[in-house]
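By written order: A, B, C, D, E and F. Residues from 1 in each chain.
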Amino acid sequence: MSKTVYIIRKEHFNAAHKLWRNDWSVEKNEEVFGKCANKNWHGHNFNLFVTVKGVPNPDTGFVINLKDLSRIIKKEVVDVFDHKNLNLDVACMKDILASTENMVIQIWEILEEPIQLAGGVLAKIRLEETENNFVEYFGGNEPY
Amino acid sequence: MSKTVYIIRKEHFNAAHKLWRNDWSVEKNEEVFGKCANKNWHGHNFNLFVTVKGVPNPDTGFVINLKDLSRIIKKEVVDVFDHKNLNLDVACMKDILASTENMVIQIWEILEEPIQLAGGVLAKIRLEETENNFVEYFGGNEPY
Amino acid sequence: MSKTVYIIRKEHFNAAHKLWRNDWSVEKNEEVFGKCANKNWHGHNFNLFVTVKGVPNPDTGFVINLKDLSRIIKKEVVDVFDHKNLNLDVACMKDILASTENMVIQIWEILEEPIQLAGGVLAKIRLEETENNFVEYFGGNEPY
Amino acid sequence: MSKTVYIIRKEHFNAAHKLWRNDWSVEKNEEVFGKCANKNWHGHNFNLFVTVKGVPNPDTGFVINLKDLSRIIKKEVVDVFDHKNLNLDVACMKDILASTENMVIQIWEILEEPIQLAGGVLAKIRLEETENNFVEYFGGNEPY
Amino acid sequence: MSKTVYIIRKEHFNAAHKLWRNDWSVEKNEEVFGKCANKNWHGHNFNLFVTVKGVPNPDTGFVINLKDLSRIIKKEVVDVFDHKNLNLDVACMKDILASTENMVIQIWEILEEPIQLAGGVLAKIRLEETENNFVEYFGGNEPY
Amino acid sequence: MSKTVYIIRKEHFNAAHKLWRNDWSVEKNEEVFGKCANKNWHGHNFNLFVTVKGVPNPDTGFVINLKDLSRIIKKEVVDVFDHKNLNLDVACMKDILASTENMVIQIWEILEEPIQLAGGVLAKIRLEETENNFVEYFGGNEPY
């Protein structure tokens, strides 16, 4: 059996957002989205954990060089999301609800190819919005 | 492939318990359960992480509304376990050993149906007893 | 010597803000405030630690009842700052720069009197903006 | 000026307790102590941080050898409080309310002399009961 | 379905290491391994999480007695890796690159049999090198 | 009273060291320094918290610009200590024991002047060596 190892890199970004549908009334927005519907936005410190799997390269001992993985995440995600308004400033989030569920799917779409080009296989993304709320995504796979 | 996302909510409760069998001698209890057999109880801060999976609802961006998930966990688990004695006060734990393994199985049994009624699928429960000891349960499934 | 004990309660809130001066050019704002000057806001999860000092009441063992302290912080601070835009929605922050330094001073001004009315003495406030940036305030005192 | 350094050692213990006065009615106990008055106890994971100050010994670079400090805390506090019932099993807590305020004062009384005999000066004790509730004690001093 | 529970024990060790190949030039080592190639070593606090799966024993409520699991990890891993130089002092690491990927594979090889002898099934190992870099290993299995 | 606020920046570095005196026997070194005397070194992830005090500048709301504070700490401390051997590679530690007590004093000496030049007053340094061992230094002052 090949010795597949999963390596995880944590990065973080701080962003503003709101959960809001223009085609719903204020009351409906507040009923569904609660405080997250505040019209002037609110924000979070997001922690992002990106898991790449692979067999360690015998020359380096690495699944993927963490310098490369960190550089990819910073360029593709952190530079785009950090200190931004998710609804107004981040292209891939503009036409969808800024829920963490939708965020984690978009971040997967963004990272899958550059990580593949760097020789890795994206296996899982975890996104932490607060100390109590997190999402995890396996590219649509359902390991459990 | 459907875009299944896993969403996790953390709640916590503080409880007393002991690990003890009446059909065993004091010596046998202490040999097997160590300090956890102290007859006058001891206690812990328990952190509970409940994972629900599903495809985000296109209308809300949510797998499940975290307000609903939090409300269900608080009503079904926290209100029953918090500031209680697991051996004496919690009905579902009375006839079984108050190990974290047994606790996490009971909590799964409690939460599976209400989460299903709220439109989610319970996928995993993690229960942290101390900074060093945790259990995880996938409803009996063995993803690895 | 009286046995003064310091008791600390942690609460948290999530908010949007930007660091921005209308009387400065865009360039000047970006030079001084960096990414924090993003015009469409960004946000944070703020952790707030409120320290109250006093001699434990012999009848209760309490410096202050934590239920009361938590209720005061939630009513006076969390309900005002949580899921809000600090620059637009929070009255006490409107005419000043939304730095953590200014926030912690304002939160002290808000909490000092209600805590005194509840029989405590506000001793210290710690406000955490990210995992790496914090401020502490002792009401202007300089213990070190 | 002498180069006084403060060194801190973290230890932990898990214990059961309740907040309860026999000379009060059930109603009065529940009004004041809330869920903490549950008659069958509840419990916590307590984190204990002991600060010792002094000028580093030029022969060792140590204010106090952490092996000694850890050994003292374990013998005097952890062995006495861990996996115990604070109200029933811990002599120094029996006649007083088992609040964290009273606990931290008792722990100071216990540790002050053995630390002095080991060549250190006890400066501060921090006791964490939950992720949100803490007490700190400076031996009755009020640095701020 | 059998009620398989996963139980996790955290231990830690502190060690020095460097990432270095003698058959590469200094420049090549620094290009690939960056700061980790510093010839005089550097070091880390490693957190190790060992997951064992099984059906709780009806007599004890345990998948495996955590006292046994902790003892095995301490004897087989912590005593061997703690306060050591991974390249010079740890036999199983001597002829391979001291990457976390290689470490986690070696630790699996070490722990699999003793845990089996104690009645458990090793299911996963997580090794944390810093707050931002982690690896996970499922014995070569790829659950996702 | 002036509204003095304390602002704290966290940085981190990973380093190898040993506690060892050449003028002592192996036995004496091991008796005093325990596992920390391992001749081939061991290492840690160090967390460094630097506190600067001052009255917020009315033009910026800042005690000190955190970009400047972070830059100073990185240039003066992190670049010097990170991925290094404290005993062999770090000039200011070469002739003294590499205890955290001595480290925190040296780091104070390094940072005091550059922070003053940036308009701040260094008030406190906290250095965390492991999850259980920390030191704090107030420049020799004894606030408590």
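Rule of thumb we're sticking to: a residue touches a chain if its C-beta (ideal position, glycine included) is under 8 Å from a C-beta of that chain, and two chains touch if they have at least 3 such contacts.
None of the values given here were measured: they were computed from a predicted structure.
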- Task: Give the fewest steps needed to get from chain B to chain C, where each step moves from one chain to a chain it touches.
- Result: 2
- Intersection of contact sets, chain C vs chain F, gives D
- Task: Return the chain whose centre of C-alpha atoms lies at maximal distance from the corresponding centre of chain F.
- Result: B
- Task: Indicate whether more than half of the residue numbers at the chain A-chain C interface occur in both copies; give same if so and different if not.
- Result: same
- Task: Taking CA centroids for every chain, report which one is farthest away from chain D.
- Result: A
- Whole-angstrom distance, CA centroid of chain D to CA centroid of chain E, is 34
- Item | Distance between chain centroids, defined by C-alpha means - chain E, chain F (Å) | 29
- Which chain F residues reach two or more other chains? 131, 138, 141, 143-144
- Message: Taking the top-of-page definition of touch, could you list the pairs of chains it picks out?
- Response: A-B, A-C, A-E, B-D, B-E, C-D, C-F, D-F, E-F
- Note on the structure: Per the touch rule above, chain A residues touching chain B in the complex are 19, 21, 32-34, 96-102, 104-105, 131-144
- chain A touches which residues of chain B in the complex? 1-11, 51, 53, 56, 59-63, 65-67, 123-124, 138, 141, 143-144
- Residue ranges of chain B touching chain D (in the complex, touch as defined): 12, 14-17, 35-36, 38, 40-45, 82-85, 88-89, 130-131
